[in-house]
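There are structures below to look over.
Consider the two complexes below, in which chain A is the common component and chain B and chain C are the respective partners.
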Partner chain A sequence: SSQQHQEAVHHCASSRCGEDSHGKLYKNDTETQLYSLKMYSIIHIFYSSYHLWKYTIYDEDEVLLALAEQLGNFTMLVGGPEYVHCLLPPLESLATVEETVVRDKAVESLRKISQEHSPVDLEVHFEPLVKRLASGDWFTSRTSACGLFSVCYPRVSSTVKAEIRQHFRTLCSDDTPMVRRAAASKLGEFAKVLEPEYVKSDIISLFTALASDEQDSVRLLAVEACVSIATLLPQEDLETLVMPTLRQAAEDKSWRVRYMVADKFSELQKAVGSEITKNDLVPAFQNLLKDCEAEVRAAAANKVKEFCENLPEDNREQIIMTHILPCVKELVSDTNQHVKSALASVIMGLSTILGKDNTIEHLLPLFLAQLKDECPEVRLNIISNLDCVNEVIGIRQLSQSLLPAIVELAEDAKWRVRLAIIEYMPLLAGQLGVEFFDEKLNTLCMAWLIDHVYAIREAATCNLMKLVEKFGAEWAQNTIVPKVLGMANDPNYLHRMTTLFCINALSEACGQEITTKQMLPVVLKMSNDQVANVRFNVAKSLQKIGPVLDSNALQTEVKPVLEKLATDSDMDVKYFAQEAISALQS
Partner chain B sequence: FAGVDSPGGDMQWCFSQVKGAIDDDVAEADIISTVEFNHTGELLATGDKGGRVVIFQQEIENKSLPQFRSEYNVYSTFQSHEPEFDYLKSLEIEEKINKIRWLPQKNAAQFLLSTNDKTIKLWKISERDKRPDGYNLKEDDGRYKDPNSITSLRVPVLIPMDLMVEASPRRVFANAHTYHINSVSVNSDHETYLSADDLRVNLWHLEITDRSFNIVDIKPTNMEELTEVITAAEFHPHQCNTFVYSSSKGIIRLCDMRESALCDRHTKLFEEPEDPSNRSFFSEIISSISDVKFSHSGRYMMTRDYLSVKIWDLNMENRPVETYQVHEYLRSKLCSLYENDCIFDKFECCWNGNDSVVMTGSYNNFFRMFDRSQRRDVMLEASRENSKPMQVLKPRKVCAGGKRKKDEISVDSLDFNKKILHTAWHPQDNIIAVATTNNLYIFQDKVN
Partner chain C sequence: METTKLPPSSPSSPTTSFSVPSAEKVDGFPRRSMRRARQRRSHSSSQFRYQSSQVELTPLPLLKDAPVAELHDLFCKKLQQCCVLFDFLDCVADLKGKEIKRAALNELVESVATSRGVLIEPLYPEAIKMISVNIFRTLPPSENPEFDPEEDEPTLEASWPHLQLVYEFFLRFLESPDFQPSMAKRYIDQKFVLQLLELFDSEDPREREYLKTILHRVYGKLLGLRAYIRKQINNIFLRFIYETEHFNGVAELLEILGSIINGFALPLKAEHKQFLVRVLIPLHTAKSLSIFHAQLAYCVVQFMEKDATVTEFIIRGLLKYWPKTCTQKEVMFLGEIEEILDVIEPSQFIRIQEPLFKQIAACISSPHFQVAERALYFWNNEYILSLIEENCQVILPLVFATLYRVSKEHWNQTIVSLIYNVLKTFMEMNSKLFDDLTASYKVEKQKELKRERERSELWRGLEEYEERRMQMLTEAARNQRNLQERSLASPRRQLFVQKLPPLPCKAAAPSF
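And then the complex of A and B:
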């Protein structure tokens, strides 16, 4: 059936493109040339979606999606901008299919080729298409129209402009919520291309209407538009034209709308400027941080740092200390863990804004409380942002509380939590310094090597490599390498293999000397292991560390061992030994 | 009295069509498990225990014969669900279609959601009257050519062919329900829908299959404390933020999704205080709600419990505004109905197009309509005996005891194996679809 689809692609492209200029195809040379270019375009589609149909297509939509995308790049293939309008019919029909992804892609391509239309063609060919879509029977076509107004508006005559504005108005009050949503999501973009007088006369009323739509799914999109509209209006108009709607949205009955306000808060803040921020947004933000819905609080908590950063500098500290910090303090002991972890991911950033004294006095207690939080994600988020605090107050202030938190996470019953803390180890090591590390954390890092979950052992191996990169080969030789090599005699073959994996990871960072003198003998000895998995991993390790070794060792020690492994009774061992031999030869 | 009995004054119902096999030997797979008109009433879908969906289409009206209103004929039949086996839980998953819901039409094609106990599927039903011809890569008989033998390319063309109706699966919403799905309902925002099982309600986006949001969860931490299960759930027809779910305790909870992401706390709770004089061993079982449906206007909702239909005003939580007894004569039979498990039957109910009449099923292939404004009701029977074209249905009476009048049926002679659980009312016209065990009857009002 994939072949069928492919043929359908052919057909779709050919018939639709062809219809347009049917009957006059062979009138003159240009037409003939155009026809052959069209043929070429068909072939082009064929090849560009070849890989798709050959392997995976069972769904016609994937072909349509590919087609919708490709047609956006076809201008040259149909004879250049002069003929670009012949791409409109197929894209128009693709813009009305029921699959949103296909429709969106068709609209994207239409937007792209609209730029290649001459102003005349735009009015003769493109704009009628937009109108047809805008007044289509099914909402699918009307939603697609919403995305096309803004690309043709700037380049058409004022009569047509008036028509376009009228169409957009109509769609903003469409019966189906799908269309109103599409219109609301394009409102900001459309406002940007409109003349300032129409922004005031048209857009504001549409914006107000959409922002009080009966469906909250529409209202929340108006919040996004609010950002663009606010940037277009002079400061003195914001208060009367935008702020009433924004205030209403921040207190909307639906949590989803308030969530949207919280989520877009930084953008809103920038758009309305510092005066309105001080008078309106600060109290609004406080309310969002105290919202009854956890999703809203979490979204607002996520914005705490950005919001504070963007406050006007002259009284930033005062606003934060008197208005924001009290709310933040409450969020630290929120009932919902998502809220707490959202806060934990940004709270450390406040220290740079507030400076050393405030951080020690007000923020440090919060950090310490979060380090003891029952939810591992909260603790992880604090630990992952340690660098911000380190710059301001130095990490020593925290290290007493840090250690128990790290140890607890390192031993968490959930392996994903353990995995997360391992990934922060190199960062922590960098912040805390080698002494602290050796004293407190080294044991943890070694313990992960014998974790019962492979993903942890693997991450632990990788962690060692990063530590060596940080602390150097000498440190590795003294602290890590002996322990790693010691595991080669472990009765558990999984641990013996971990030795090999560590060697693979460490050899490069440790350098030739250590690799040849200390690691290689252990690897070679393991080639006699009774477990085949260990033996073929020896072969793999030798292949891996080969380039680090000196050539003498390679010839006299590695080669004989690999040759012996190549005659092993186990098939896999043989295979990997031969792989290694040929890899090391080349 | 018969005239007074019929809803809508002089309206009488007459037989129009019957679908399904005539023989008495009923195959399990043929048992109809759901019936649903689409939003225009042009299409009527049924689902059965065999996992099939059959769609009937109303023919274009015959102007010369106004008394014969357009009939429904088979439009498309497809296998929606297959029997499956859950290897982790060692459970068989039946293919039976529990619910069908049509989506608002978005282009020339039609879309519906069908669900069995575990998996919801989105189907596209579309027409095709052209086919591509002149392939490059295969012969006319469908054999593939050797790609190397192709030396020139030609442009395939579309040629007309006989109309073909295709049903294709577009989305599969799986792995979100631990218990059995009893309801699916599409939201008025046209982009989300809910699905409910015994303990949870999930919210889906129609285009996203890999995640859903759990909005209601009534599972107690300790399953031994379980006292209530969800029996049905539905979105409000106009307010995209409102939905209700009914429970086995006879309670309906209305939730407002604007208030909170999790709707464990309801906004309104509709419950009628129990009449202590009627209290019996069966009280709890028969108060369990088997279906809940909003009126088209969105002002009311209707619930069906074992013996009655109740209409609730959304603005009044403490009691229903109307209560209709469907088969009060069974109250004395509850003991035997409990023994033969009939007491657990889940009868559904439906509204007519303008919310003035409600309909629900009963035993002995009887179904009942209640005219709300005129406070009149009628009991009718779906049977082969009444299946002559345009034959007017005679009202049926059941005599509960005492002296049986002429034309009355004794309660003891009711056949409890013949039950009408699923009915549907055309969204505008007086056309109803009534599912008996394996037959679908279509009745319409008599045009005078």
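And then the complex of A and C:
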């Protein structure tokens, strides 16, 4: 039946999309071409799409990208796995174009359909393609080839395997840095599919060469490969085969390479195991934490917690206390705010590792220093991670310093900072407890309701809702509802509207009784407000709280007010009143 | 023999060009802002920390006071003294040492520039070593990754007081009448040149300016390095276009290339044509085109003036990369097209007039008035006007419908009056053709609408066809399942083969 099927495809192609009639289907703009391509996949016109493309009707990169992507899904459409090799020629051409995204997509599709080739087809059709690409004239085809070795290697005969290894070796020392970068980025992946003996004989020398390339953009990619390679080798070989290169990378003269080492530090640590970590990585990590470039220090600071967590347990505490903590202390007063804030986002995690006593003695002073940092992002990062400390020493230890920090952030001149601290309020309230909250933080939460930035008022409203969910309706009735309702008489209409927004948010959490008895009368009274914006927000509020009210209140109190608003002189008020009426009826 | 000479007046006005915000494609560095904390506007490279122990400098006797016999020895000592690096971020550190080095550098510059016979062979490795130690360094991360080259101040190199003198020395060294390329080429090798090229990424425009002149001299004097330099510049550009979109020195490198192209021998080598088609033309896709467009356009026009046959490649290339959404870039493209048309040969013009004027018509109908205006200005250019006139029969039908429509629809009065002028020009050129086109405008319009309708019907037909086919397929699958179930009972029954429905629009295929 696949024969039949192919005939249908041909038929379809020739009858509809012959060379001279494509103008009927395609206008000159890219969007239509894109749409057409998607349709293509539906109507199976693969042959003609390739045909048209060859005659450069499609030279738009966007179109080529879509073509490269679609061709990866065409296996069934060309008649199943036994015909899948028909897809290779167009994908091969696409894998040589200049535009990186198109090429990458073509390689992705080639990798996908390589799995659908039988072992024989793989050797007859796919592997020759890889070879052609690998020995192409222009760098683009050689770059693409790098991504294809690892998908065909496991499934071909040993002679072909030897050829593939040879091609990969050649590309690793290619003249063009673009190709060496592509090879370096696939080195780890290729190592994984190789037999162990070739990892040692081939990959290590390639790895060493790439890691000392003249271009730092190549060297840094070798660091990534280092993780996979180290995982593949037996522990006893690591010291001689991998470590010299890794040590050299950690002290590379280019900050980009050092950055990469810092960024991959946790993976490297896991890959080389605990002995090497103790002897080599600890000093290397110390150096990265003291690096002269802020980028590198920030990347290393980000890894402090993970690195400490993964240290061998037997002398973890000793290593942290004598080697890591002194560096961390220096970073707390770093000159660069990104370094400090990277540290602040993980430093709290050290308390679980070091335990109560060490935390109080050594870490607490650092937390407190960071809580007083000049940069708000640092303070926010500390506050957002309070839960880790809470588990170890309880938050009370911090609360004295926490409060001024929170108050200062709450009043920060930048509204985004205020917004960030509001978002942590429910979490803080949960950890600090209702008493502390009522005493110290409640005023802040209410003050945000009259902030001059709408986004803050909105967040404050949402915050109240979360607090009520946490502390319960009774607490709400006693502490916040009176204050919220009091704002209904404020001379500023924006504040009066805030009352309505709060009611919208709180009614459900507060329940029917509080909503009907306390909130509803205020809302109804506001329907006579002079400002139209307030009045149509009354209509919206009534629509919102309607489901919480009982049907009696709805009929006798809400309905008449909405009907009155529906005859308002302002057209927006009318509109929203009618919306509310119809919503509440259904 | 290829010769090279920087054009006396540089081809372009903007000599300062700075870095671009970039999305690093390959090395994947988060380019988030690392500044703000420090407000200093200068930075220094990571190299300083690698000098383990700081040497105390002691002033040496002056070169001009030295007896001739000791001159070379003293020169050499001074060169070695200048290999010591200083921390310029700490501006009060080791002021005495900094002053000694500055004085020594000044003397070296002076000596190389004015006195003859100083440059003897043993000094070459020492001089190149001093230059390498001072200028070759890993450039630090950009202080301001969201840097707008047209708005922001660039970050300046802190050690410039010394660095400038080192560059000055290097330049005088290369320009000295005593300079012997045959000796220098042992020390100024490929590795040296590669490092030199990497420095073009410096954010400091003063440094790039020196590098530009120096690389130009190196290219001029060391013939063996020429091909290598061109290849490495290619690699830098390709990386910039397809990988990082970030390199500060594109404009400077293009300026050097402008003069290199000028010296190309004829006929052009395949390598040079490939450079034009695969590197120069794709450079037009860069986001930061505005920073180096003048230099790029100069290079492109240089190519055309060398060999007119590349014109078609160039124009088709520009049309391929024509900006879709960025009107600013569109205006730049139009400017470049005008520069090209200014020197185009009429025989080449005929080859590209059709696609070109389709694009120009599209620009005229742009709602952005600057784009439309820039395109309409072509009609103020006498040479272009003469080309249009010669090929009026082809061009007028291409642009007529657009001109006619836009003259009635455009919101901007200036555009409307410019279009009237253009229409008037055409009317004077060929009144017969103009009248014919006016008469057939409505008919053509109707035809276009009809084609559009037919096209959408064709698609609808295909979609319906597909829908029906899917239905049939599911039905067939269901039937087959049923049959299989039944065939358990009566195994001899034949499977029912479902035929595809007839194709919907074979009969109704519109003709045009």
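In this text, the second predicted complex is superposed on the first by the 524 of 586 C-alpha atoms of A that agree within 3 Å, B and C clash if a C-alpha of one lies under 4 Å from a C-alpha of the other, contacts with A are read in each partner's own complex, and residues count from 1 in each chain.
Keep in mind that, in the parts below, a residue touches a chain if its C-beta (ideal position, glycine included) is under 8 Å from a C-beta of that chain, and two chains touch if they have at least 3 such contacts.
This structure is a prediction, so every number in the text was calculated from the model and none was measured.
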{"item": "First (chain B), second (chain C), both or neither touched by A:Ser254", "value": "both"}
{"item": "Contacts of A:Cys375 with chain B and chain C, given as first, second, both or neither", "value": "second"}
{"item": "Which superposed partner A:Thr335 touches (first chain B, second chain C, both, neither)", "value": "second"}
{"item": "Chain B versus chain C as contact partner of A:Leu220, first or second or both or neither", "value": "second"}
{"item": "Chain B versus chain C as contact partner of A:Thr96, first or second or both or neither", "value": "first"}
{"item": "Touching partner for A:Ala298 - first (chain B), second (chain C), both, neither", "value": "second"}
{"item": "Residues on chain A lying within both footprints (that of chain B and that of chain C)", "value": "8, 15, 39, 42-43, 98, 100, 138-139, 176-178, 181, 214, 216-217, 253-256, 292-295"}
{"item": "Complex contacts: residues of chain C adjacent to chain A", "value": "25-27, 29, 32-34, 36-38, 46-50, 138, 140-141, 191, 194, 235, 238-239, 241-243, 278, 282, 320, 324, 454-455, 458-459, 462-463, 465-466, 500, 503, 506, 509-510, 512"}
{"item": "Residue numbers on chain A that touch chain B, as the complex places them", "value": "3-4, 6-8, 10-11, 14-15, 18, 39, 42-43, 96-98, 100, 138-140, 176-178, 181, 214-217, 252-256, 292-295"}
{"item": "Residues of chain A defined as touching chain C within the complex", "value": "8, 12, 15-16, 21, 24-25, 27, 30, 39, 42-43, 59, 98-100, 138-139, 176-178, 181, 185, 214, 216-217, 220-221, 253-256, 259-260, 292-295, 298, 335-338, 375"}
{"item": "Sites on chain B touched by chain A in the complex", "value": "104-109, 111, 124, 132, 135-138, 144, 153, 155-158, 188-191, 207, 238-241, 257-261"}
